[in-house]
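Mind having a look at this structure? Questions to follow.
Labels A, B, C and D are assigned to the chains in the order they are written; within every chain, residues are numbered from 1.
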Amino acid sequence: MGFHSGRHFLQIPGPTNVPDRVLRAINSPTIDHRGPEFVELGLDILAGIKTIFKTSNPVIIFPASGTGAWESALVNVLQAGDKVLMCETGHFSTLWTRLAERLGIDVEVIAGDWRRGADPDKIQERLMADAGGAIKAVCVVHNETSTGSLSRIKDIRGAIDRSDHPALYMVDTISSLASVDYRHDEWGVDITVSGSQKGLMLPPGLSFVAVSDRAIQVSETGGMPRSYWRWDEMIEQNAKGVFPYTPATNLLYGLKESIAMLHEEGLDNVFARHARHGEATRRAVTAWGLDNLCVSPDEFSPVLTTVMVPDGSDADALRKLILDKFDMSLGTGLGKVAGKVFRIGHLGHFNDLMLAGTLSGVEMGLRLFGMDNAKGGVDVALEYLAGQAAA
Amino acid sequence: MGFHSGRHFLQIPGPTNVPDRVLRAINSPTIDHRGPEFVELGLDILAGIKTIFKTSNPVIIFPASGTGAWESALVNVLQAGDKVLMCETGHFSTLWTRLAERLGIDVEVIAGDWRRGADPDKIQERLMADAGGAIKAVCVVHNETSTGSLSRIKDIRGAIDRSDHPALYMVDTISSLASVDYRHDEWGVDITVSGSQKGLMLPPGLSFVAVSDRAIQVSETGGMPRSYWRWDEMIEQNAKGVFPYTPATNLLYGLKESIAMLHEEGLDNVFARHARHGEATRRAVTAWGLDNLCVSPDEFSPVLTTVMVPDGSDADALRKLILDKFDMSLGTGLGKVAGKVFRIGHLGHFNDLMLAGTLSGVEMGLRLFGMDNAKGGVDVALEYLAGQAAA
Amino acid sequence: MGFHSGRHFLQIPGPTNVPDRVLRAINSPTIDHRGPEFVELGLDILAGIKTIFKTSNPVIIFPASGTGAWESALVNVLQAGDKVLMCETGHFSTLWTRLAERLGIDVEVIAGDWRRGADPDKIQERLMADAGGAIKAVCVVHNETSTGSLSRIKDIRGAIDRSDHPALYMVDTISSLASVDYRHDEWGVDITVSGSQKGLMLPPGLSFVAVSDRAIQVSETGGMPRSYWRWDEMIEQNAKGVFPYTPATNLLYGLKESIAMLHEEGLDNVFARHARHGEATRRAVTAWGLDNLCVSPDEFSPVLTTVMVPDGSDADALRKLILDKFDMSLGTGLGKVAGKVFRIGHLGHFNDLMLAGTLSGVEMGLRLFGMDNAKGGVDVALEYLAGQAAA
Amino acid sequence: MGFHSGRHFLQIPGPTNVPDRVLRAINSPTIDHRGPEFVELGLDILAGIKTIFKTSNPVIIFPASGTGAWESALVNVLQAGDKVLMCETGHFSTLWTRLAERLGIDVEVIAGDWRRGADPDKIQERLMADAGGAIKAVCVVHNETSTGSLSRIKDIRGAIDRSDHPALYMVDTISSLASVDYRHDEWGVDITVSGSQKGLMLPPGLSFVAVSDRAIQVSETGGMPRSYWRWDEMIEQNAKGVFPYTPATNLLYGLKESIAMLHEEGLDNVFARHARHGEATRRAVTAWGLDNLCVSPDEFSPVLTTVMVPDGSDADALRKLILDKFDMSLGTGLGKVAGKVFRIGHLGHFNDLMLAGTLSGVEMGLRLFGMDNAKGGVDVALEYLAGQAAA
């Protein structure tokens, strides 16, 4: 790599810019994960993380990436051959589908066009048709990181309720947790999956599973052969502040700090900030004459914006140019939109001026890329942000 | 916790004292795990870690604790109902057994008394009796962290060879790698499992699986339903310096640094240092009038020493006293030796004076615990260490 | 302080944003400043810092702020009652004047209007009038941090030469070194003063004095009673890699890293980057309809831009608003321009997108402050920066 | 340097082992030293440092090493030609003498043999002989870092009082502050000088001057020409939480943390710990058959112990051997005891096991150095420490 002065702009939709407070916390000596000092830490973070998921039930923390939490969600309550309903919202819902299939689960996919969230009506319709209760779980990605579409988790709960179907409700909040309002208990989610490297502002390496009483009950007698991803021992030992196998201690130091930071800012302020940055970004995109991949206004993501490049343009060439010229990493197009879109992450440890820098990098990149009309985006974003700041 | 001045002595047999160089490396901003800067890092550590396992084959790195590597070793090459031979060497071999059983594997255990390594003769005998080749794998823990006994991996390879049996050979080096000589290729091991928080001097959160060509072949057509722990995608994407799902980037920064440190010291020097510290510790234990749980001199661990307390004494009360009075963490007795032993870790980022401090803490603790004859241990250790330093 | 998400924008003209590489280096254990490991470090940085001053003579490093280097420059070569010529360029030249006066030096000031650099012609004129050689030194601030005007150091050397006057030539490069080209030897400067917290990208706490052979000679027999600020012992002990009294060891770790970073980027690239950011900022200022305090185009500072607010406006109220709303620190007006100007630092560890964020913060702040016409500044800056990036 | 595994033992009597908590604090982004966040920090540390000096008067903090504080103490209240009384206790009192002489002060030295503290009787005798009050100040080093002798500051105050002499009382606590009880106000000291890198557990780079009302009064009309080391502007601006010139911001972060740590432990506990470690060390020295340079039991330093090597031995060769073999830095003999002594620092962030490691390194080093009878020192130290821990 050539030398780059100044701070890199890490504007992929995760991993996000880790606050130096969090990095410093991680930079503490590792301690005995069975000693009394760890117990204090363990009880502290295990209580704290519940406030982020808005649950009074256990949240299980695995030393793993978010992918591991997907697996844990499935293997504890499902068996090979069980049917689940997956809602195709983009690349990550597709990956979750593939993961389930690899575990022998019979996945039925409600197809989607990658330009909106999961459709509550279609879910309701499908569940109502499943009189025999063959469908064991409904799986939804809250914020589809590959497209920037948000699914309406509360509305989907309503759809399940209206269909009077016993399926477990599983939600992936890997890229929404701590950036978008989420209520595990109130919204009646059975299993919520998340990861450390997005709204929690940590490096990757921790994954989370929040569970409802019903999910726990099902896991007690059901599930597949499993060991690493088991909930029972975790829940049992977590009650004493420890873990059944060695936890990722230093990342837990960071988690303690990030939970503290989120509450210092106030979760509602965190969510409002993300919403504001999403809106500012979309206004810039519009000004540039480009399209947001997401076409459903009430499902626009406050976490990232996926921008479509004109036909014939190579979004990855644009990304490379921006990385080379302006030292900013943007998200690549994944799966079927590869090369056709780039993604701007505006989540995590972020503020108005970092967003202004980010949008400036995109705007200059578009100009260098030959899109001469891509102007005024930063301007409209600043106007909007200034207006918000005045309010 | 009360305030403790000075550095804590973390003398459990892992996690070990993380060098400040490694902590500083981890304390770097997280980067895009799909960008060119990461590719450089990825190729670098994936090549470097091979030199630690002494293999020219792939070493797969999971964002997980060592327990995950155990699971990965099994699910890629075995199926439910397959028989494996586990050698009981202590608590960790027992945990691996339980993990295998949870996955549906039929585990046959060669019982052990927890006071020595796995017995090559018994393994050979059992394999020779298995004319039908029902046993699919032999699983051995190189350094049994709960007892301080080393298994003779090379000799066991010889035993397998002599029995002319096709079983795969799986070895857990979680607490031996980078502390005790280990040769994945030369010793004909098929699957070597390890973790980050011992000899590699990293915080917990990374686990490793080194694989032979034969293990890869078996995995291609065999194995259980699996996703997170798959090797195929890892090997494929690792070739390009990236990972199929988000890696624990910051811990990988630390890994790069720890590999560099191991080579700066020289692996042979690292092993000699651990051997020296094991010998010094055992001399101290003898001087104190206490017994090493391990009774087999050619299987004494250079990594930790497990000390038996006299009948009627509570080893955990002693540990607590030492923690309270001298701010040193020692390892607890696990499983069937709980309360009867304590473990002194002398591995990782360690030196003669840290060992002297460690042994001093134990000696003073024994004295305060009422073992008035527990004297002279530090003295003999210093005499030995001085002699070695003179050489 | 309320909670602020994201990175603070520290856009005062120093201290500057310290690179995380430098912070990590500083975060290393302190070592024995008389041991062999320190000697390696000492020789390394003492050689390295010469390349930054572009001198083959000694550069003396004090554990002190830049103010200390001012004092060291004076007390080693001047005596109470000696006359020196100071060129008033702004607040810092005035502070240096006051410091000299406090030491009993007879300071004659060539008055200035704070809107340009020191005038070579006036200096020449004054020196030519000093036939008796009463003036012992000419003191110039290279980059006047309070105004954003650069003095033409090479031209002033020419002026001194043309006047054939023996005065020593002293230059303050506290806020220019490593941001603007500077050549201690080639430009015939006798004493160059600098500090750590600007272009060197370090926290404050180190100050520097580069000396010519002639300055050393004068100091050997001249100077005031002095101890801390002496050169002789420093030069003598530095030759062996050590210091006569305890150095600020951890900041020296940072200095080693910052010197390395400057050479990785290439000094000429560093200077070009600062020049580019100065130009972009000035274009924004013009677009906002505001005036640069500096009116002399060939003396515009690439390090900071001092912006005049309209009569009746309180620049500090604007600064406070920007700090509160956008978490950006701008420089206050100092001395006689207090309240009338604010200063935008664009130096040190910086890049195009950080500048874009900075200018965005100013533009939004101006808008919120009621300057409704303050638009388009970011736009013209982006246009310029994009053009430069294309080149 | 060759590679050394494990932590270096930095057992010079300062700089001391910096706690990782302090290093992490220092590793925070530099902030605007004129902004509101700094003001909070400034007021906090300026109040906190008073509790360490036990004064309700100002304590001035310079970005400088301790040597600078010596200079500040003198130049604010004395004039060239003024007479001061210095008590020769070792190398550092001699350096302070030389510094004063360089500033034109007429220093009268009460000679000492470097084996004890300053003698209150001799001071009283000299002051009583000075009927005309020619002596303007009495200067004493509280803990003479070159010898390990403590001067009885309270008793010397008594001596001055009994002589009814108006001399100012100046004390250097560079290596005693925060390790040995010290009471600026109660003991009637006028000027107390200190530094950051000893008991305050910080890297070098900060120095401190605590002042009495009388010292302030004298400085207001007296003192030498001075600028950097002035008190008046410091006191004035410190009242508002800021500094007249750029402070060493990042070291101030560390200071905040170290003050917090000292109060978490409790100052009396800190002092008792140092006393215990001094006693344990002296017992070891006696067991080795070696002599403490300090011969006055009520003046033994709890901070360091200076050990005399037998005639004909080269203490620096021993130190080099210990550094090479055991990676421990010990203090060299300074001034007239160069080569004849080595110094064991047992101060700062330290505990029983670190001391045990330290003494073990010395004991092994002595053995390797050919002092075959140097045995049993660690043993008696452990016996003592265990006894203390039991109490």
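Here is the rule we go by: a residue touches a chain if its C-beta (ideal position, glycine included) is under 8 Å from a C-beta of that chain, and two chains touch if they have at least 3 such contacts.
Quantities reported herein were computed from a predicted structural model and do not represent experimental measurements.
The chains that touch both subunit B and subunit C are A, D. Of all chains, the one whose CA centroid is most distant from that of subunit C is B. Centroids built from CA atoms put subunit D at 34 Å from subunit C. Distance between subunit A and subunit C, defined via averaged C-alpha coordinates, is recorded as 45 Å.
Averaged Cα coordinates give subunit A a centre that lies 54 Å from the centre of subunit D.
Counting only residues that touch two or more partner chains, subunit D has 7, 17, 20, 24, 27-29.
The touching residues of subunit B, when paired with subunit D in their complex, are 3-7, 9, 17, 20, 27, 261, 264-266, 270, 273, 325-328, 349-354, 356-358, 360-361, 363-364, 367-368, 375-376, 378-379, 382-383, 385-386, 389-390. Contacts from subunit C toward subunit B in the complex involve residues 20, 24, 27-29. Considering their complex, residues 1, 7-8, 10, 12, 14-18, 23-24, 26-37, 40, 62-68, 71, 80, 98-99, 102-104, 195, 197, 203-205, 224-228, 230, 245-251, 323, 329, 332 of subunit A touch subunit B.
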